[in-house]
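What follows is a group of structures, each given as structure tokens.
Common to both upcoming complexes is chain A, partnered first by chain B, then by chain C.
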Partner chain A sequence: MNSVAVLTERMVRNTLRNDLPFAVLAPAGNFVIFNLALRNVIDTGGIGYPQYLLPVIIVQVTLIGALTTVDRAARDHQSELGIRLRTLPISLLAPLTARMLYCLIRGIIALLATIAAGYAFGFRMLGGFGHLIAFILLVLTLTLALSLAADATGVRVSSASIGMTGGSSQILLVPQMILVMLSTGMAPVESFPEWLHGFVRYQPVSQVTDTLRGLAVGNVAVGSLASSLAWCLGLLVLFGAVAVRMQRRTQ
Partner chain B sequence: MIELDGVSKTFDGTILALQDVSFSVATGSVCALLGHNGAGKTTAINILSTLMRPSYGRAFVAGYDVVQEPAKVRESIAVTGQVAAIDWQLTGRENLVMFSRLHGMRRKDANDRAEALIQQFDLADAADRGMVTYSGGMRRRIDIAAALVVPPKVLFLDEPTTGLDPLSRRGVWDLVSSLAADGVTVLLTTQYLEEADVLSDSIVVMDHGRVVANGTSNDLKRRIGISYCTVSPVNPADLPKILAAVADFEDAQADEVANTVSVLAPNGVATLSEVFRRVDRLDVELEDISLRKPSLDEVFLHLTGSVTP
Partner chain C sequence: MTANPPLRTSLVSESLVFAGQHFTHWRRNPVVPIQSVVFPTFLLIIYYLLVGKSVMRITGTDSLYGLVPTCAIAGAFSGALAVGLTLSFERDTGLLSRLWALPVSRASALTGRLIAEAARTLVSTAVITAVGIGLGLRFRGGLIELILYLLIPVMVVLVFAMAVIAVAVRAKDGTVLIWLGLPAITAVFASSGSPPIESLPSWMWPLLRLQPMEPIVESMRRLSQGELPWWPLLWGVIWTIAGAAVVGPLAVRGYRAAAESGGIRG
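Let's turn to the complex of A and B:
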């Protein structure tokens, strides 16, 4: 496990410097813009818009953060250094594990930045310590699941054709936008046309933001929590298996 | 120490990168894989260093099967590729420390090992600068140093001198020789006959994924003749006349681009003087007549019957 520590340290030292402004400013910026634009437009009932909005900003930031993982994994895997690592007496999974630890560190920083911005506009963590921990763990589980998916994509793309790596994360922006915009994270389901209700209500971003909102106020429905956990853990296991398989696959 | 037994490698089921390749390298010796681009040299290295699996056949490194026991193989080998495999955002020293720690050393031991390598590879002035400021020769040295943080049993060097100036090339040659003297088995790939000649105990000539010749440098030279005799006329229009006069020599051919006629010179100076005598009778003004070592193209011409791979 020494090798994982060394490789993670390398990423934190090198990559975080360039990554940090984006990891901190993007969530805060997104929160401020959406809050200013939509707080008087969308009726969220008894709950203030900053309180309503913050969870979906976290999910969006997690999704965008995962996109940066695609190119990083592609570069890492296909670089001369990445190839040499596969000839060293270390686990074949060490580079992947290091990249995932880095994603979690980056995720924690982005989460703190988003919550800090939220506090400035009136968002509050009203639940107890247990709710806070659950809130953080759910976000990190989602971060890990999405990062694994992004990593597998990056490795796949880098093996298939190196020229495409720049474009791959751009293509993935589209489903990300659809999932965030067409969710109950931005606005309650009533604001969407009726034929979309089924999708909007049950898609994972809606489920997870609903649970996070509940955890933030200290009152979460068991059904909501179970559904979010099922999504996050399900994606984690699925994408984890795919990402590990991509690493193990030698030509 | 290294053994390939009927190794073939196909990509996408159709492209045949290696075809029934067999050779072995004795412990503590240097073997050169000689061939043009695309001959299959890098594919062979990739299979031996566990980066690729052979499609058919078996390969052993340090007594371990590369498919069955890849982890054991990785404990015994070090690899340097054609491009320096280092972290460009770190200094030379930080790279060496990182690789030492990846080999399981504690931080203090890793620092000591990095310092020792910096001294050994004469990198003291540059060690604490970013890698991007390094010259080609320094990058190659740090890359090889990174491969040697833990002395390997087997070292693979993929075109270690490509793109280096003559002085740096000489430095790499000295290094390879001293490693072999310390008992490291070295397999290197090269496109330069001279390099294979100077460095290696044995040479494996590859072409189109096949082994076309295998032996010591002297074996191969005996097979392809010691040298070539080359004649250049002042007037290129005289080339056909000269070629006709020496047509009965082995491998006689005219090269209009280089403005030369060359023949194999198995008897060295004796062949040269015979060629000179015949050309002298033709009443042709000569620019140059000389003996020279065969080029890799001529090795291929002789061994495979085709110059272009």
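Let's turn to the complex of A and C:
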């Protein structure tokens, strides 16, 4: 356990200073820009747009944060120190665990920044304490699942030239954009063209933002909560298994 | 009676060699093509799917005519930022200094860089416009309007690339560029291109009309509708020249200092 603590401290000291402005400003900036650009354009039917928008900004920031995890894992795994760590008498999973703890710390900071920006523009947490806890836990589960996926991707590409130059995270920007912007997190399903409705309605970002929006006002449908939990836990188990397997790869 | 008189080349041919160096670099490491072509193209398609129907409902006009220029310029900016990300690295490894020591015109490394940026932007604007036409844009202007339409982003990106160079050669690493990129791309999106201006708070209107990206996007929008927009175009050119007058000397001076530094190890 000690090695994990040391490696986490190293991650935090090494990375957080460069990473912190992005972790804080990306959510605040995205929230302000989308809120200004869309609040009088999208018809959300009754709820104010800040209240409607905030969950998808949290998901977007989690996805963008995961993209930085891809590059960090690729560099960390392939660096001389990364290779040296695999010869030490510590668990092979210790570097991975440290990276994931760092992702959770970063996720909590980003979540606080998003909610702070949201409050300035009229978002309110209207649910009780239980709803708040469920909201936070759902976000952190999603953060962990996506970070594991990102880590596995980073380790997988770390020996290829694209992993060293940071190109892999750039390519993943496009799927991220599709998932976030073509979801009911940005606009109700009627705003999209007819032929897209099936995708927009059932894709995971729509499901999760729907649940988070419900939790924020303290009124969540059981079906919505169940499907979001199923998505998050399913991704967590799947990518957790993949990421753990990846650590065994030898070059 | 010299055995080998030094080969005489012109500034233009030397610049083209340097531009070719960038093209090779971008072909091998696709971050720049992704940022300048793939990213804005998808941004256009996705954003149009997201707001197209809603903007049509509110204003009765097709938002595509504003979105295509918005995405073209946003893509040109993000491409220039991606180029700038490696500049501090090239300075630290001494590459800039080595190029500086070559027996060519001192200006050619910089002019070559700008030529490469211009060519890249011309291609990406053409691709994005073609995708826009696929989505339903009807370019109503003639040949002159089309040429102006494709050249406006090139003009803008030259100034932006100089700003990126001015910042990147002085910065410790590439992360500082985000402070240049974020406001610039926000300004592009806050012009008449994407949201109908009436949907924004009224205290922002004067700011939106005064910012440099507004006349640029407005010119392109009107050109695609078949008009020759003299006033916005003139404003756009004045902004561009003023911008170049400020960042041009900063870029040249910063580049010279970086190139003469000899890199971090030397």
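Rule of thumb we're sticking to: the second predicted complex is superposed on the first by the 244 of 251 C-alpha atoms of A that agree within 3 Å, B and C clash if a C-alpha of one lies under 4 Å from a C-alpha of the other, contacts with A are read in each partner's own complex, and residues count from 1 in each chain.
FYI, a contact is a pair of C-beta atoms (placed from the backbone, for glycine too) under 8 Å apart; a residue touches a chain by one contact, two chains touch by 3 or more.
Because the structure is predicted, anything quoted here is derived from the model rather than measured.
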Three-chain arrangement built on chain A, chain B and chain C clash or fit: fit
Partner chain(s) touched by A:M177 [first = chain B, second = chain C, both, neither]: second
Per-residue touch tally on chain A - higher for chain B or for chain C: C
Partner chain in contact with A:L196 - chain B first, chain C second, else both or neither: second
Chain B versus chain C as contact partner of A:R84, first or second or both or neither: first
Inter-centroid angle chain B-chain A-chain C after superposition on A [Cα, multiple of 10°]: 80
Partner chain(s) touched by A:L36 [first = chain B, second = chain C, both, neither]: second
First (chain B), second (chain C), both or neither touched by A:N2: first
Touched partner set for A:N219, first chain B, second chain C, both or neither: neither
Which of chain B and chain C A:F22 touches, first, second, both or neither: second
Contacts of A:N14 with chain B and chain C, given as first, second, both or neither: first
After fitting on chain A: smallest Cα gap, chain B-chain C, Å: 11
Shared contact residues on chain A - chain B and chain C: none
Chain B residues within the chain A interface of the complex: 11, 49-53, 71, 74-75, 77-81, 83-87, 89-90, 98-99, 101-104, 146
Sites on chain A touched by chain C in the complex: 18, 21-22, 25, 29, 33, 36-43, 161-162, 165-167, 170-171, 173-174, 177-178, 181-182, 186-187, 191-193, 196
Residues on chain C engaged by chain A in the complex (per definition of touch): 29-31, 34-35, 38-39, 42-43, 46-47, 49-55, 57-58, 82, 175, 178, 182, 186, 189-190, 194-196, 198-201, 204
Complex interface listing, chain A residues touching chain B: 2-3, 6-7, 10, 14, 79-81, 83-90, 250-251
